[in-house]
Structure formats: C-alpha cells, structure tokens
Amino acid sequence: MIDKRIASLAEAVADIFDGATVMIGGFGEAGSPIELIHALIDQGAGNLTVVNNNTGSGHVGLAALIENGQVRKMICSYPRTLGSKVFPELYRSGKIKLDLVPQGTLAERIRAGGAGIPAFYTPTSVGTPLAEGKEQRNFAGRDYVMEHGLKADFALIKCQQADCHGNLVYNKTARNFAPIMAMAAKTTIVQTNAQVELGALDPEVVVTPGIFVDRIVTVSDPAQESKLVAEGRRYP
Amino acid sequence: MIDKRIASLAEAVADIFDGATVMIGGFGEAGSPIELIHALIDQGAGNLTVVNNNTGSGHVGLAALIENGQVRKMICSYPRTLGSKVFPELYRSGKIKLDLVPQGTLAERIRAGGAGIPAFYTPTSVGTPLAEGKEQRNFAGRDYVMEHGLKADFALIKCQQADCHGNLVYNKTARNFAPIMAMAAKTTIVQTNAQVELGALDPEVVVTPGIFVDRIVTVSDPAQESKLVAEGRRYP
Amino acid sequence: MTTENAQKLGWNREEMARRTALDIADGSYVNLGIGIPEKVAQYVPVGREVIYHTENGLLGMGPAPIAGQEDPELINAGKKAVTALPGASFFHHADSFAMIRGQHIDICVLGAMQISEQGDLANWSTGEPDAIPAVGGAMDLVAGVKTIYVITQHCTKDGTPKLVESCSYPLTGRAVVSRVYSDLAVIDVTPEGFQVVELAPGVSFDYLRQRTAGKLQAGRQKGS
Amino acid sequence: MTTENAQKLGWNREEMARRTALDIADGSYVNLGIGIPEKVAQYVPVGREVIYHTENGLLGMGPAPIAGQEDPELINAGKKAVTALPGASFFHHADSFAMIRGQHIDICVLGAMQISEQGDLANWSTGEPDAIPAVGGAMDLVAGVKTIYVITQHCTKDGTPKLVESCSYPLTGRAVVSRVYSDLAVIDVTPEGFQVVELAPGVSFDYLRQRTAGKLQAGRQKGS
C-alpha cells in the first residue's frame, strides 16, 4: 500500500546528508516550510547547497539555517530582501557562496531538471554580466544563453492539503516554486497544513501529482515567518 | 472591458489565412474541437500546416479538414489511429507532407514555443532515425538531441468551462495538448461546453489563465467524433 | 513433437502478463503499452498497490468502466475508455511527458518487434517504404522511464527470432530494455548479452537458443 | 530660479505614475515593478480594464487589502499583501515566467538606475564590489515582456543624468526600453536616440537637454 505519511518532522529530514543539494520552497515567507527547515537545523547536516529564491529574513527559517553555518552555497535570485541580514554578513566575510540566477531562469532550470531536459536556451540575461562565461547562440536573429537543468537531492516544500499518495494543492501565491522543486528533487519532503482522505482531492485540481512526492508530515498550525521576525525570535 | 466571447464559430475562425500554422487540440477525439474544425472547413483556408497528435478518423473533424485538401503538412506523432483512412491515402499519393515527432517531444516543443524557449535538449529519439540530421550533444555522459520550440498562428482548442477573460478548465483527459497550444499560438480560439460568470472559477483551479486565450465560442452540445464516425457521417 | 506437447510449450499471453506482473514492486508507478502489456494490471499480486500512468494525461488510471459508463473524454493512450481511481490526477501533455522524461515513472512495459542483445528496442516501424510512420510516445517512454520491460512473442509468426544480435528495423531507443518476457522465457539484457532468468514450462535452454539470434547465456534460470 | 519656480517644475511621483497610466491600453496584461511603478495601477483611466500579473504566481492581482485582511500567502513580487480579483488565477513560478519569457505580457513598468540611448537598461546593481548582487525577475521581464516602460527621476539625487549614451552600471538587458517617464519628460527610445514625446510643466527642451547625457531629439513633443 502507498502511504507517504511520516509521523515526525525529525524522521522526515533524518537522511539529509552533509553536502546535499536542498531545494527549499517559498517566495519570501509565502510557502516557506519553516518547520521542516527548523527540523533540518536540529538534524545538523552541513555543507549544504540550498536553492531558494531568497535567503530568509530575521533569525528563523532559512536565515537561521544559514546563520547556523549549515549552508555552503546559495543558489538564488534575490538574496537582499528586507530583513535579510544573516546572508549579507556571511557573504561579505566570504563564509558563504552565492550563485545568482535570474528568477525566471532559476524557475525554468528547476523545471528542466525535473522534466529530464539537461539544457535549454533563454533570452534572459543576454548582454548582462550574468551571461558572462555562458554559451550563447543565435536563433532566428536573436541571441540566447544556454542554461542547464537543476536537480536536487532533497526538496522541502509546504502545501495546503495532501493525501497519502502525495497529491498536493497549495494556497494562493504560496504555490510559487514548490511544484517544480517537487519534480526536480530525488526525495521530496512536504509539510502540509492538512491531510485529507484519498479521493478527497478532485483529480482536476491536483497541482502536484503524488508521483513527485516522497514524504508528508502534517504541521497543522505552521508558524508565520514575518510574525516570528517581528517578535525578534531566533532558532534554535 | 475584457470580454473575449465571440457570437459565432464562423466569426471566431474568420481570419485564419492560407498558409497559416494551426495547432488543434485533442488526443484522438478527447478534446477535439470538432465544431471549430468544421467552421474552418466552411471558411476554406488552405495550404495549412496543422499540429495535432493524430490525423483524425472517419470523414469528420480533422480527417475532413485533411480530406478537403486544406492541409499541406501535418506535424504529429501518430498519424495511424484506428479509423484514420484519409491521411494515409493522401500521404501515399504524395499530396500531404508529414513531420513525425515523438509525442513527448511534440508536447515539449509546443510548451517551449509558448514559454519563449527557442531550443532545448532531450534524450528522446537519440540513436533512432528521428534524430537523423538533428544536432546532438553530450551532457554528463549522455547524448541528447536539440529540438526547437514550436509556435503557431492559431490554436483551436476545446474546454469544459470558460469565463469572459478566457480562463479555462478542462474535462479529464480531454485536457491533453490544449493548455500548451493556448500558450504557443498567436491567436487562441476556444470552443467551450459552457460559459461561466467571471469569478465563478476558483483561481486555484484555473488550468489555462486567460492571458493565453483570445476568443471563446460556446458550443453547449458538441458532437462526439466516434459517434459521427460510427454513423458514417461526412463533413461538409 | 506432438500437438499436445506443442500446446503445453511456453506461456500464453495471459501467463506472460502474469509473469511480468510478479516483477512489479509494491508502490511502483507504471506505464503499460498497448496490447499484451495492458493485461499486466490484472495480474499484480494481491497486497501490492501500483499506480498507473497513461501518457495522455492521467496518473491513477483504473480499469475499463462497466459497459455504458464510458466517457469519451476519459481514455488511455490506446484511446480506450478507462476510469480514474481515488488519488488520481489529470494534467496536460507537457507535464505528462515531464514525468516520463524526468525519470519519475518506475517501469514501462512495451511490446516489441526486435530487441538486440545490447538492449536496443525496435517497436515502431518496419521501415517499409510505403508504411505510414507513427511513433506516438514510445521513444519518450524508452528514453525516460527508469526500467523498460518488454512483453513479446519470442519469434514472429514465420518463426524469425525477435531477440537479435542487432536490430534491422528502425530503433525506438538504444540500450533501453532491461528484461524481456516472451512466451518462452524471461530474459535479462546484460553486458554479456541475453541471460535467461526463467524458462517457460517445457522449454529447454537449447530450444530457446535455437530461437534466439543474439548471444544467449544460460544465466541463473530456474526450470529445465 | 526661485524656490517657488523649482517646486512647479516637472512632475511628482504621483503625476509620473498618472502620465504612464495614460499609455496603458484597455485590455492590457501588465506587470508593475516595485516602487513608483506600483502606483500606476491607481491611475488607469476609468473605462479601461487592465489585468495585472505578479511574477510570483498570480494573474488578476488586485489592490492591497484593507487593514487586517492581509494574507501572508497572497503577496506580490515586492512581498506586499495584495488581493485577487474575479477572474484571477494562481500558478507556479515556471508557468509564471513562461508568461513573461513567452511574450504574453503586454507591458512592464520598471524603475531604472540608467537608460542608454540604445534602450539598454541598468536597474539591478551598482556594480560596487561590496554590494550584495540581487536580480530577482528584472532580467526575465525586460527580455520577455513586449513593451518595457521605465519610470524614473530624470537625474540622481546629486544631479547626474540617468539617461546616458551608454550605461556604466551592469546591464539588466540590452535594447529593451521603449519609453521613459521621468519627472521632466516622456521620452521614447528610437533608432535616432532619445526623442521627447512630452515635456513636463515648466520644463524646456534646453533644460531637459542639459540634464540628459545621451543624444536627445526634440521629436514630436507637445508642451513648451
């Protein structure tokens, strides 16, 4: 029988290994799987490459993971959000690497990684410093850069509802990177606000089919990152 | 105000021009916009390049469009469905061209066309006759062929429900190529089983956002291709 | 060989499907080709849950509906009416083939015209000049699915071996087949060529070798 | 120049946004950047319906919610709380940027650090060695959206022109800007360089030329 539910956050992230590439869903706090990130802080894996659009804010969630010294490199498009202080300090002191990728190129690279596309061409970044060193090619009179698919060992994502097969639906703009990260990771670990019976999700409205999901943990009352930051909270 | 509804099928297809590339949704009869195709037969544009997974069956719908001599070339993956007699005859007599594309490559090329990706690499067809003459490249020890994005002047698709902004939802496996064809065509023309009020479709379940849709015609009781074929019907 | 013996020799289509089903693990995501492969779903051992993908846009495909309940918009890749089980999901073609190409499907079971000892598969065209070429999703499946199983008669109707040193028909994919389930045997494709895993009832290794054109190793087969 | 005159010279931020809004046609799909561009939505003339896209995954974005109704999971690309209007749809990031890259969005309005007379835009980095580089979706937007409008102060705070012969800051995109709405004028980017479309109140062509580093043509402007 197929039942991807896992009892605890600790169990769900137990096998994330030193040096792993970990995609983490969320655009700012929307869709950020903050409890899974905190479980990864407790677990302690280091030397991680983390893929996220941003670098977290305050001293909780992704920012706390970075502050805890577990991240060797960030692959992201915008590491300078309001309230993001941890990353800039570590970056300036040379303690963390940054691979800066335009947001749409990041999204398309992740989708390509999940879709078995090793590389594709995009007009984004042509003529800019972010295209330097990249292969360029002209199609029908326009220049494009070649970009590579991006895969990960693990994805940590958050959703609104999940069934035991791993079918997922999301809440509004919290969807953002989660569906494509679920495709691109060898092991996709989901925290869901609620679990529903198999068959409760209309097959027409499933956003992430269960084939892309490996583990589901219910976190029925997830923390809100901006509240924690406003309260000056730190993790651990 | 934005209102993409068009009163008649004839009006909806009026500007399809000789020599146009037309993507037509449907996998077999599921999702085939048969009334729009018949309107295109009435309209009479010729020398068309048609993109569809198949070549129709019997003497209605896509098969009738082909039989009527309006199609110069088919781009498809499987022109040999049960009941497909029109295309094979014309093909053998050299009256129609065929560009045979593996089904997943066809889908990805259409999506790429709609997503602004001029080319991508895929492992599909490597080492087969369908890779001949195509550029190949090795990534991380595996060979891939380069494939190009595919666009169209028009897409004819069918959906279950539409609002006046062109937001669409589909019925089961009738979804197939429609969402990506809507993205890849300059002008996307939709026949819908039903129109709904703006706001009636939950933003979480819209499959094709209205930005990809130009015209909507309601055909509330569409013909079922297999029934027409079984009855020996012909169009016109 | 008497007629009676001939009837007892090897597996019939149902038995081939049943034997294949034994090798599909609990929890697998599986795509079944048209023809004998479709039958595999009927024989998955009790206690295993297998989720079926059909490339036209459905995960969680169920069996054919009862007569009169067919929906022309709920079909499989062979364009036959199917059902959707609890936990199913619908998606468009690009997403469906992302599942395939991205190696998310565990097993695909396909028919074959020829299989080479390197695991090359030919199953889409005889290459005859007047044939209408048609490939569908076969090339995508063999390039993208993790494990490719083939179910096929061991020889063509005129007795020509389908397991060959090198395919003469146009290829569907190179070095893609893991295992062949024929009416005569279960055979792995290995770096040393074909290797027998199991012989069908009444089939000897010599009998099999006479009907196989590629390199054939006795391997670790059970049976005679 | 008296203080009173200086106050009357040019457009303020609200007026810049209002002027830009005049050029957004009924039925347009529009993406508004962070800052002054966000204000454009308030000034679209009555009778025009414009649909707003935010690249984090929403088409049909509405204004900020009333206080207390904010949803931290319903935000725009600037990470501010927004609403979803009837006819809205949510989608993931790859689909959102497919809309952008695939040239489905009609107009994007962005801020700028520099615009060259070829239409090159620099708006993401000063290139200073200790700056944290951050690009977000800017490069995708300028490469993909059909028409790029820029709203910007004509000069920096220290009076340095932002409209230049050639950008000294790292580029966001080459030859991408169609029109610039500054506090002093509306200016098209043309094959002949910058061309004035309209001068702000109290601004003369000479005044504008003194504050513009690139080639500036009087063009077909109205006003003084």
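By letter and in written order, the chains are A, B, C and D; residue numbering begins at 1 in each of them.
Heads up, the rule we're going with is that a residue touches a chain if its C-beta (ideal position, glycine included) is under 8 Å from a C-beta of that chain, and two chains touch if they have at least 3 such contacts.
Source: prediction; values computed, not measured.
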Chain D and chain A - chains in contact with each: B
Distance between the centres, which are taken as Cα means, of chain B and chain A, whole angstrom: 34
Geometric centre distance via CA averages, chain D-chain C, whole Å: 57
Per-residue multi-chain contacts in chain D, two or more chains: 58, 84, 90-91, 97-98, 100-101, 144
Interface hub residues of chain B, defined as touching at least two other chains: 108, 111, 115-117, 122-123, 170, 172, 203-204, 207
Full enumeration of touching chain pairs: A-B, A-C, A-D, B-C, B-D
Interface residues, chain D side, partner chain A - complex: 54-58, 71-76, 79, 84, 90-94, 96-98, 100-101, 120, 125, 130, 132-140, 143-144, 170-174
Residues of chain C touching chain A in the complex: 26-27, 29, 49, 51, 53, 58-60, 84, 86-91, 97-105, 144
Complex contacts: residues of chain B adjacent to chain D: 1-2, 111, 113-117, 163-165, 167, 183, 198-199, 201, 203-204, 206, 209-212
Chain C-facing residues of chain B, complex: 27-31, 53, 77-82, 87-88, 91-92, 98, 100, 102-108, 110-111, 122-130, 170-180, 207, 224-226
Residues of chain B touching chain A in the complex: 108, 112, 115-123, 137, 139-140, 142, 144, 148, 169-170, 172, 202-205, 207
